[in-house]
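Have a look at these structures, which come just after this line.
In the two complexes that follow, chain A is the common piece, with chain B as its partner first and chain C second.
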Partner chain A sequence: MSRSTLNSLLLFGLPALFIATFFVVPLVNSVAVSLGVPEFTLAAYRRLVDVPVYRAVYGRTLRVALIVTLVCVVVGYPCAYYISTLGRRGRIVAIGLIALPFMLSVLVRNYVWMVLLQDTGLVNRLLIGAGWIETPVRLMHNELGVLIAMANMLLPYVIFPVLGALLAIPPELRTASASLGANGARTFWRVTLPLTSAGTAAGALLTFIVGLGFYITPAMMGGAREMMVANLIAFNVRDVLNWTLAFSLSTSLLASTIVLYFAYRALLPRVATLQAI
Partner chain B sequence: MTSSIDRPGTANGEVEVRGLAKRYGAVDALQPTSFRVTGGTFVTLLGPSGSGKTTLLKLIAGFEEPSAGSVHISGHAITDMAPYRRNVGFVFQQYALFPHLTVAQNVSYPLEMRRMPRVAIDKAVANTLELVRLSDLARRRPSQLSGGQQQRVALARAIVFRPPVLLMDEPMAALDKRLREEMQLEIRGLQRTLGITTISVTHDQSEALVMSDRILVLRDGMLQQSGTPEDLYHNPRNEFVASFVGESNILRGRVENGPGGPSMALGDGLGIPLGAPAPPAGAEIVCVLRPEAIEIGGEPSVDHFETVGEVVDRIFCGDVVRVRLRLVGAPETTLVAKMPTQRRLVFVPDTGTMVRVAWRTEELIVIERH
Partner chain C sequence: MIRQQSISRRRLLQGAVGAAAAITAPAIGGGARAQGKNELVFVGFGGAYQDGQTKVLFEPFEKETGIKIVQTTGVEIAKLKAQVESKNVEWDFICLPDRLRAPAVQDGLLEKLDYSRFSTADLIKDTVTDYCCGAVTIAMQLCYNPQAFAAGKVPSGWLDVWDTAGFPGRRAMYASPTYTLEFALIAAGVAKDRLYPLDVDKALKNLDKFKKDAIWWTQFPQVEQFLISKEAVMSPWTRGVTAQLAGKPIHVSYDGAAITYEGWVIPKGTKNFDNAMKFIAFATQPQRQAELVKHISFGPTNAKALALVDPDVAKLLPSHPDNFKKGFLFSGEYWGSNLAKVTERFNEWRVS
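Let's turn to the complex of A and B:
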């Protein structure tokens, strides 16, 4: 065996071995456990469907991820559009500001939101101080708090793909549209929006996928009722030690993520084609 | 008015520019420029890069705001009008076709913006696609078309709404030579058929000569000369126009009055006769001699200026042979002559041989005097 083959074996082999040992084996094991191997039964999955609490948690998870995705698109698209109109320097600053929170731990960011949103938090004290409300508005320990914090954390997942799609549009397409009789609004609807739709869809799908798996934010910003699938898994693993159920929950979450991932991949070539033009 | 978009005037298509200027910071992209383009004619703005020709075109289209001056179409001032209200067709250098729309949808776009009924749109689009011979490709996307086809789509999209004025920014720059020559004639024919006032920008002098009724030569943001192609070629106003439009030999010297009438003394003393009216003796002048005006070899002739030169080199270009000559008595001056080629060339001067060099006196064009 030549030296270079040995090197590449080591280079690929060691990480592969590591992933196989600590990722693939436990994953296969958890899927197996959820299926009741060696008997093979779908009992655990049937419980997910039959027990109302589990159905409710699943439904809430999908709903929260969907609302967060919509909020992120509605807020993130104009934001990306604005950044795309900035000059080179302004754009770099804006991108830096958006990426900055990524450098903070999720835990810290949730605590920041708690400081802002709790009953005696900054927002409530400002509103009371301004005389707009008399008693604090409940901004956290409910679904609203979860939505606010999650939308904040997931916003970049929409902004960056949309920004990429916007910047890929040759500027003269808008000039051409104007020369053909379209004002700014019509140019946006007929040219800019269609050319960024694939990028926006990709960003939204990514946001939704990541949103499905949120764990810390629902735990900290929500109350006991705002439990999402990830929290339910943790609860089954740590508190009631129902590992079979925990594994069936995580397997179904993984399955829905994989389905969505392939939907995302199917969108990507369209984005790439548009950017190549 | 049938739509939200103003249609300036009854569209005789006359374009007038008065004192139009554009500054970017401290740089004058375009000095105050005035000219008038008669409706229905084809005018080319010719100049090297940085001459302000594209700036001028963008000012007419409204893509840039002028620092001074005004633009008028069919007698109406449109200087303050947004581009989308100007009703002017524009062909972009890179075509700027909408990649998400088919050929037919691209061409429909300006009509939809004018809220034309669907039936009328379909009819106008079909007619225009036929005009540019693209009917078969109506359902294709721009990315599925060749460069030449894309250019036709861009043209169709710019004329489908029958604008009184069509502007083109280096429309042939992205095409290869053969296709370019084909499209030049095709666009020229189309322009004549439609009678649409057209202003085209190019740095390609042969394109300007082939296509234009009139050429405006620009340099460093200043209009140098405007005229018909023939006029510009035969009567260039300055050295820049002479060297930019067609090929030319530039000769410098002082006017002297000799026994045979006024002549120009080249730096090294050779006297070249000048036609009438000649500048006064003692004036420093610049003259242009077109390469095809120079005869090499052959028999002496009474109405020609006769001299002898040495062949420095020869380049076979297909249709012509370019011969570089050094005149006897003026070793500092080299001239380029063009001889048409035939299969059996009567006379082939070899490098280093001495040959007869002659031209009619009136072929020497005096362009500058100091």
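Let's turn to the complex of A and C:
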């Protein structure tokens, strides 16, 4: 074996070893614990099916993640489109503004949303002050509050891939489209949108998967009913040390994510998936 | 050129091997920092509380004994379990809430304490058990914003919380069955000394009254903001005394308060048991406990400590005999064996 082959092997092998040690091993271990190894039992999974609260929380988790994904695509796409039309400097500023909140802790951002959305918060006070409403509108301590805060936190996951796709479109294509007689809307529908569908799909998938794991935000912005699978996992890991149940919750969440991922790939146009995912 | 490149690549690889070794070493070598040295590792909850512990307990202890205390934060029973089960115990002592003590004892995560080494005669009896020696008392009690009520017409107990006509305004409630069910039962007329084992159905039925309208919070720091902004006018909370003493518009009532405690525990398998016991003896002295009150408004467990505290502050602490009598002792034992089951019921009630 030549020296350079050895070096490349090491270069590949070390990160692989790292991933294996800190990701694959714990993951396999958590699946094993959920199955009650060394005995093999599906008791924990049975519980997830038999006890209604787990089904209800799964349903809510999937629903919240789905709605948030739709909101992020609807809001994020125009945002990305606008940023793509800016000059170099404007684009850098816009990207900075979108990335900036990422540097704040999730907890802090939730507190900011609380101050804005609660009954005595800024938004309600402005609306009452302007005479538009008389009693405060419930903007948080319910699902709406969770959706607003989550959409805010997940928007960059849509904006950045879409922006990447938009910037990758050669400007000549739009000129060509126009020279063939297409107006702006037609160019958008026939040229821009298809060429960015891969980026949008990737962003949406990312948003959905990250959204499934939200934990602090539902607890802080939601009401009595807003509970997500991550909250149940955390409770079982930390408070009652029921790791079998906790890992069966996380394994089934992972499994449903993988199933959804393949369903998603199958449904998307071939070209789009090949490019992006 | 080529030569230079290969050297730099080799260096890079050496660096990577070193980094990987450094990362994996603690897991393989089992090297808790304090083992075999004249050191103790403490894990705390951080914030003003741990700062106070540092000034009042850790620094003086180090001065007196020469035993250095290394600090970290993030008390979690799951981490303790992982440490004990992997025989890689890094923590030497913890100030553990009673609620976590019971599961820790059940899972065999703690060492039995050696009470032959110091006297516990002055400590509150209920807080001294085989595996845990009481350090501070804490009350989960009714806190309210007095500005939200007419003078002389402030809520004084759980009955008033449930009296939504007599005391209008939004309630904030702790989104966990612990404490919440006890309060609901008191409001339903159950006697304080007959609470355990809890009648969960009866409690949940009584909570239906504000299931929809209440704010259900999970993070303790949230409550201060709710009360001051009058987003909620009252809530059960553990930090009301601190807020009241700081002059914030928050007052507390001890009527029906759940009084609980944190105690010193030693993780199973520590190599520094002797030094950890020395620390516990040191930290439960009246003078030390009285000093700690200046930093955080938890009550001392040593009866002699209360006399050393400013009387205006002492009368607001959970350890004060008047307050202790008005409240009830929260049962860590009950919750230790019932938390999982009852929380499942509580969550079902939440989502239904």
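One rule holds in what follows: the second predicted complex is superposed on the first by the 222 of 277 C-alpha atoms of A that agree within 3 Å, B and C clash if a C-alpha of one lies under 4 Å from a C-alpha of the other, contacts with A are read in each partner's own complex, and residues count from 1 in each chain.
The rule is short, and it goes like this: a contact is a pair of C-beta atoms (placed from the backbone, for glycine too) under 8 Å apart; a residue touches a chain by one contact, two chains touch by 3 or more.
Keep in mind it's a predicted model, so treat the numbers as computed, not measured.
Ranking chain B and chain C by residues of chain A touched puts C first.
By the touch criterion stated above, A:R238 is placed in contact with chain C alone, chain B being left untouched.
In the overlay built on the shared chain, the residue A:P170 is in contact with chain B alone; chain C does not reach it. In the superposed model, A:L11 makes contact with chain C only, not with chain B.
In the superposed pair of complexes, A:R109 makes contact with neither chain B nor chain C. Of the two partner chains placed around the shared chain by superposition, chain B is the only one that A:S179 touches, whereas chain C remains out of contact.
Within the superposed three-chain model, A:P194 lies in touch with chain B and out of touch with chain C [touch as defined at top]. Residue ranges on chain A touching chain C, taken from their complex, read 3-4, 7, 10-11, 14, 17-18, 21, 51-53, 56-57, 60, 107, 111, 114-115, 118-121, 141, 219-220, 222-225, 227, 232, 235-242.
Residues of chain B that touch chain A in their complex: 5, 61-63, 82-90, 92, 94, 96-100, 109-110, 113-114, 142-143, 157-158, 161. The residues of chain C lying in touch with chain A in their complex are 6, 9-10, 13, 16-17, 20, 23-24, 76-78, 81, 103, 107, 170, 175, 211-212, 214-219, 222, 225-226, 229-231, 339-340, 343-344, 347-348, 350-352. Here chain A touches chain B in the complex through residues 170, 172-173, 175-183, 186, 190-191, 194-195, 273-274, 277, going by the rule given at the top.
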